[in-house]
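Worksheet: one structure, shown below.
Going in written order, the chains are labelled A, B, C and D, and every chain counts its residues from 1.
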């Protein structure tokens, strides 16, 4: 029998290339005659370029040409970043580019350019922009709607409320309510009110977003670091207004994106346009310094929360107001945060208000669990504070408020395909030995105090309706063509397993084809929203079923009888109960002879228009399995992770040492256990960095960031997380998907971060600092009773 | 003139193999020469194109500057000895664990494998205003941006400041001051010995330099006197992450004890001033006294007298107080 | 005069070491006279001792002739002149470890050393670990394969070089010692737990061979 | 321009004024030395007498005390205190730049504070108790008197100039020079000190009056865009530098003339407070500087002195 693939540990096929240095990321590609381009970044947080004098620069040795903002796409009608601009909206925004034979020459040329800037008013902190007659990020105002800018200011009364630590009633951009919170709060046995700040933090994937491009015979060859391959090809085509089939995207490996490279990046347009202009390959090598500016960041929140609890720990009311630092071009995190709060705490009565404020800071984008990670990191310690004040076991209060499958959340009372959050909490508590560790909570040893905490974090984990495309070639092997990006989650390999199992093939009889759009990529989801495993295990399942049906039909048409008389195993199709059989290689040859739907010359009518050209490339190469995921299903697809952490806090230095961590997930069927735990623990580590060390720092006078390198941004290192962490899965399949697998990428971030913020609050005897990151200075200042040098400001330190 | 980062400007590279050749090259280039030890501090300046030497004088090829040998009664450490060598050196570990401990807390293994003791103590401050190339006092300008009322100064100084509020970033500096080390500095015609404490100068004396070294001076050797061998040592460094980061506050202390009575003490704190701060008042307090919790607490209080924090670094007062307390308490 | 800034706690650093550069009266004349005549520029003679550009590097056991600028870092030479793109540039500032290479067996950041500084050393990069003839993976690479280490793997080359140095130095590390040995390598996917499994497995293989 | 003034880029990369360059200091020191040496040899070459000028008595000595008071005790105390703080200021400003390093900042601004106090005292004292206009007046005849004196100095052929009042023209010109430069140095110095930490205030690099940078929110809460941020501070440093450098010249020449042998009798008046009758008559016009008005003079041991105050009744300080 073919080996069981789903649920077993198989090293991804690209691992040998990754560990021998053969794996080529965007900046590793070279082309004959390749030149380099360098960007001139704005030195000011907001300015207008009145003039550029590049005469001296263009006369320098090796310098080829300059690229200006009017030569690239400027998005009209809404605030959106262009790859080059003459009105920079954040310090570090690229203004123009210079191409030269060598990078040194390009850099020297950039320095020789005289730019006449007119500084404009700028704002860094959303609350400053909301303050009566405070500055706005755009000259037109601080809000955008209906095609134009406007100005929205809160009143002095609102700011008096804020100063007093109470929730303001300023005008919101988004507001929805459920039930009656006033009535609910009056019935609550305990009401907690807090103002909470979550910092902004740059994605900082390990690989900066370099890209290299050249034009040949009218086609653009693009070497880009991107999370999603097929969709990036169409993004590039859209940017340049050219036929997508004229874009050949090469994206074999991506050094991480975490939401900042969902379909390539804004500034890949520079080498694309520049190489067309000068007729030579252009490499744009992005440095870590530039990555801090254009590499996108998670939006910070300044928020006010009011939570009502009954005596038994049930949360019966939530009033939540979020002000979001949206950078110059906006972000949607705060909306998601409101829905996730409703989902995690099922308060029945809830009011959510939110407003996204433009700021002259590096642009925001979804960062692994956008909105969801922030809100659970902020609110889980409040839930635990309530449990402690009500004298209840914190695990019980988590369990009591966690939803079941029948949950309805958010303004539209959305439903979910499956919810096994409680099972995840219980299994996690068991592995972590939550009960046994109760007496450790608050235990003191010298100046070290132990704290334990729980973080429950859900996030979207699936989508439907994408296409699978695979070919059994005359060599008898199954070639699965993936349009997915190879961003490090291993989903690009693991989502092919359903097809292999349907065709009863061993893994060594399966080849993955990815990373080069000219080799045929079906319509794929973006690798974001943790949807890939769900979306493409279904798509490949559907295409696998199509291939299986065609193999059986080819066998029947060749060896007689009807398809149902046949079965297959180990690369052979044979009549049940023995008798005639064919190898997959012969089936492939036969399929080519039969043509039509068998070898892909005829395609099903419901596949996506962008899959057709890919299928056409592969037509006639063997038996083609191609199909759209039509399995349907109702309600959102969400995955849950329950995180448990034990920390040791040194009361004399404020240093927190995360000693233990357990993460258990309800993500449906586990395709690849080791990669599953890599996602659970990897996401949790990012959450721990978010909770403990990473942040943004801006000089308010000059609007310039200082956490602009890895050393100052401070992502977590190997010594900042527990030595050995445990991850596990509940493993109950999602009922609405044939394979039962849901995605896993994003939920762990909130779980890891919230478990740590809860554990630190526990170690502080229940005090919630309601601010991240929890660096030694903030903790020590709290313990020593120093007065805080900040209230709700963002970007401090 | 526009600004661009991350591209080292051109320079000539001179690789002398003797101290004489190095000094000659340094004289030849004068202000245009840059002495390169491990390079971890220098490359930041070059890659940001803020320092653009005409010639870089690489000391890597001068073997006489490397290695640890026995001095008359202590140790003689070549300035170009890597930090890893110090961390692993048998005699440093047995008799001067304070130095090995401090060296092991520097940044990361790769940096310790390449960074040198001489480089670690003569590196420039890491104030992010100054290192961004801003024309502050330390860069010869007329403003301290970090001391402004709303400036971001969480990692800046709370004492010993004069206009400039940056801190000394070195991890081995406090240990060397606590060990009363001597720095041998060779000029073209002269060779001077500095007490570790005087090697580091504050902004009040010369705001543009962290140490006494000027162009034409070459730090060749660091001598650890035998006087403090096998003393009771205490080192602790508080920082945000487990590796890479410079200290928020660190303490290095050496005690000569009989039982738990402190006969003599040298206690040094770094990360709180533009130079490693030797706590004379605390040393006087604890000398000849039996160490107990009360003494430790009082030592902590005295240590932070006279500190004047900025907006975001008041926490350094309790942090420093507690570190000194823990150092004294370790004798009890 | 009490030093107002530090309220007497800290005597300022007064160094008599250097008396006045030029004696107040006479010196000023000389320097100002010099001022009038204009500084007599030293003739820029040819300067002995600067490096030539064409050098031989020992990379992965091979002699490679290569033209290297004086200000060129090893990472750039490897990536852009020797096309050994396995060594990655994550930060170019000794802050991430993706560029870790072995210099005479010691793991260092390739981005923070000048190529001319390692002319005489043996340089090992990720491409140099497998057996050049048989293509057999090194013990560390095998361990990583067995444990399915790394996710996006942009940090893998750097980590594997640090693991190789660690195993050579301490084939019997505790898990904490392994973490310390690898604490100069950053992984943004947060795969630390699995990376430590690889390191421990690599040490195990090294001990058994 | 570039040689004297330093430009620097502010954090936004805009070129702004920074301060004066070191060359300006070396130039000033050089000029001071050249002036002193030049005057010394010129004076010798003109054959003027080396030692103290003889007092050829013309006017009648009747009614004149033997010792004519020129500077009262309070004004002498003021002068020497101001001189001390000025010297400390110059030393702490320029000696570190010449190479001898020491903690100069605090001494400098404390000396500055002392200087301010002495000047406040002096302004009050000169207005109330001294003949303010005798020093400050700068009318057309004053210039003629000065021109005549100057022309006589250059060539002995020119006619003997008329005798000046209490303060000869060159003294008054010098006094005006000192007033302008030291006030400039003080005003800018105060702004510079307000920007650094002292026991009395916290450092403030963006002291509101000096530097109006774009700060998103300025003090009035609306966006403020004025001249390039940092430029105003640069201007303050430049003025302070120029004033300081001029003070090198002025103080150096002042001290030089004070110690010249032929002027020693004059210098003593700032120490003892009086000049002898002969020199008074030789060098001053009694009508312009009358002394013998019969009021009771304080009598230091060894002879009567007449105070120079003319108008207001004498009040003991």
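Just so we're on the same page, a residue touches a chain if its C-beta (ideal position, glycine included) is under 8 Å from a C-beta of that chain, and two chains touch if they have at least 3 such contacts.
None of these values were measured; they are calculated from a predicted model.
Q: So which has more C-beta pairs touching, B-C or A-C?
A: By number of C-beta pairs in contact, A-C is the larger.
Q: Farthest chain from subunit D, going by the mean of C-alpha atoms per chain?
A: Ranked by distance of C-alpha centres from subunit D, the top chain is A.
Q: Return the distance between the CA-based centres of subunit A and subunit C, expressed in whole Å.
A: 32
Q: Whole-Å distance, subunit C centre to subunit D centre, using C-alpha means?
A: One centre to the other, that is 59 Å.
Q: Could you put a whole-Å number on the gap between the CA centroids of subunit B and subunit C?
A: Each chain's C-alpha centroid was found; their separation is 20 Å.
Q: So how far apart, in whole Å, are subunit B and subunit D when each is placed at the average of its C-alpha atoms?
A: About 46 Å, centre to centre.
Q: What positions in subunit A touch 2 or more of the other chains?
A: Only 43, 287-288, 699-702, 704, 710-711, 716-719 qualify.
Q: Scan subunit D for residues touching two or more other chains and write them down.
A: Within subunit D, residues 11, 13, 101-103, 106, 197, 206 contact more than one other chain.
Q: Can you list every residue of subunit C that touches 2 or more other chains, as numbers and ranges?
A: In subunit C, 3, 5, 7, 12-15, 18, 92-93, 95, 180, 182-183 touch at least two other chains.
Q: Using the touch definition up top, name the residues of subunit A that touch subunit D in the complex.
A: 43-44, 117, 119-124, 128, 131-135, 699-704
Q: What residues on subunit C touch subunit A, complex-wise?
A: 79, 83-93, 95-96, 98, 125-127, 129-130, 137, 141, 144-157, 160, 175-176, 179-180, 182-183, 185-196
Q: Flag every residue of subunit D that touches subunit A in the complex, lowest number first.
A: 11-14, 206, 213-217, 221-223, 225, 229
Q: Residue numbers of subunit B touching subunit C in their complex, please.
A: 6, 8-16, 21, 25, 28, 39-40, 43-44, 46-47, 55-56, 58, 60, 84, 107-111, 113-114, 159-162, 192, 198, 200-202, 204-205, 212, 214, 242-244, 273, 275, 277, 281, 305-308
Q: Can you list the subunit C residues touching subunit B in their complex?
A: Touching subunit B from subunit C are residues 3, 5-10, 12-15, 17-18, 47, 49-51, 69-73, 92-95, 97, 100, 106-109, 112-114, 116-117, 162, 180-184.
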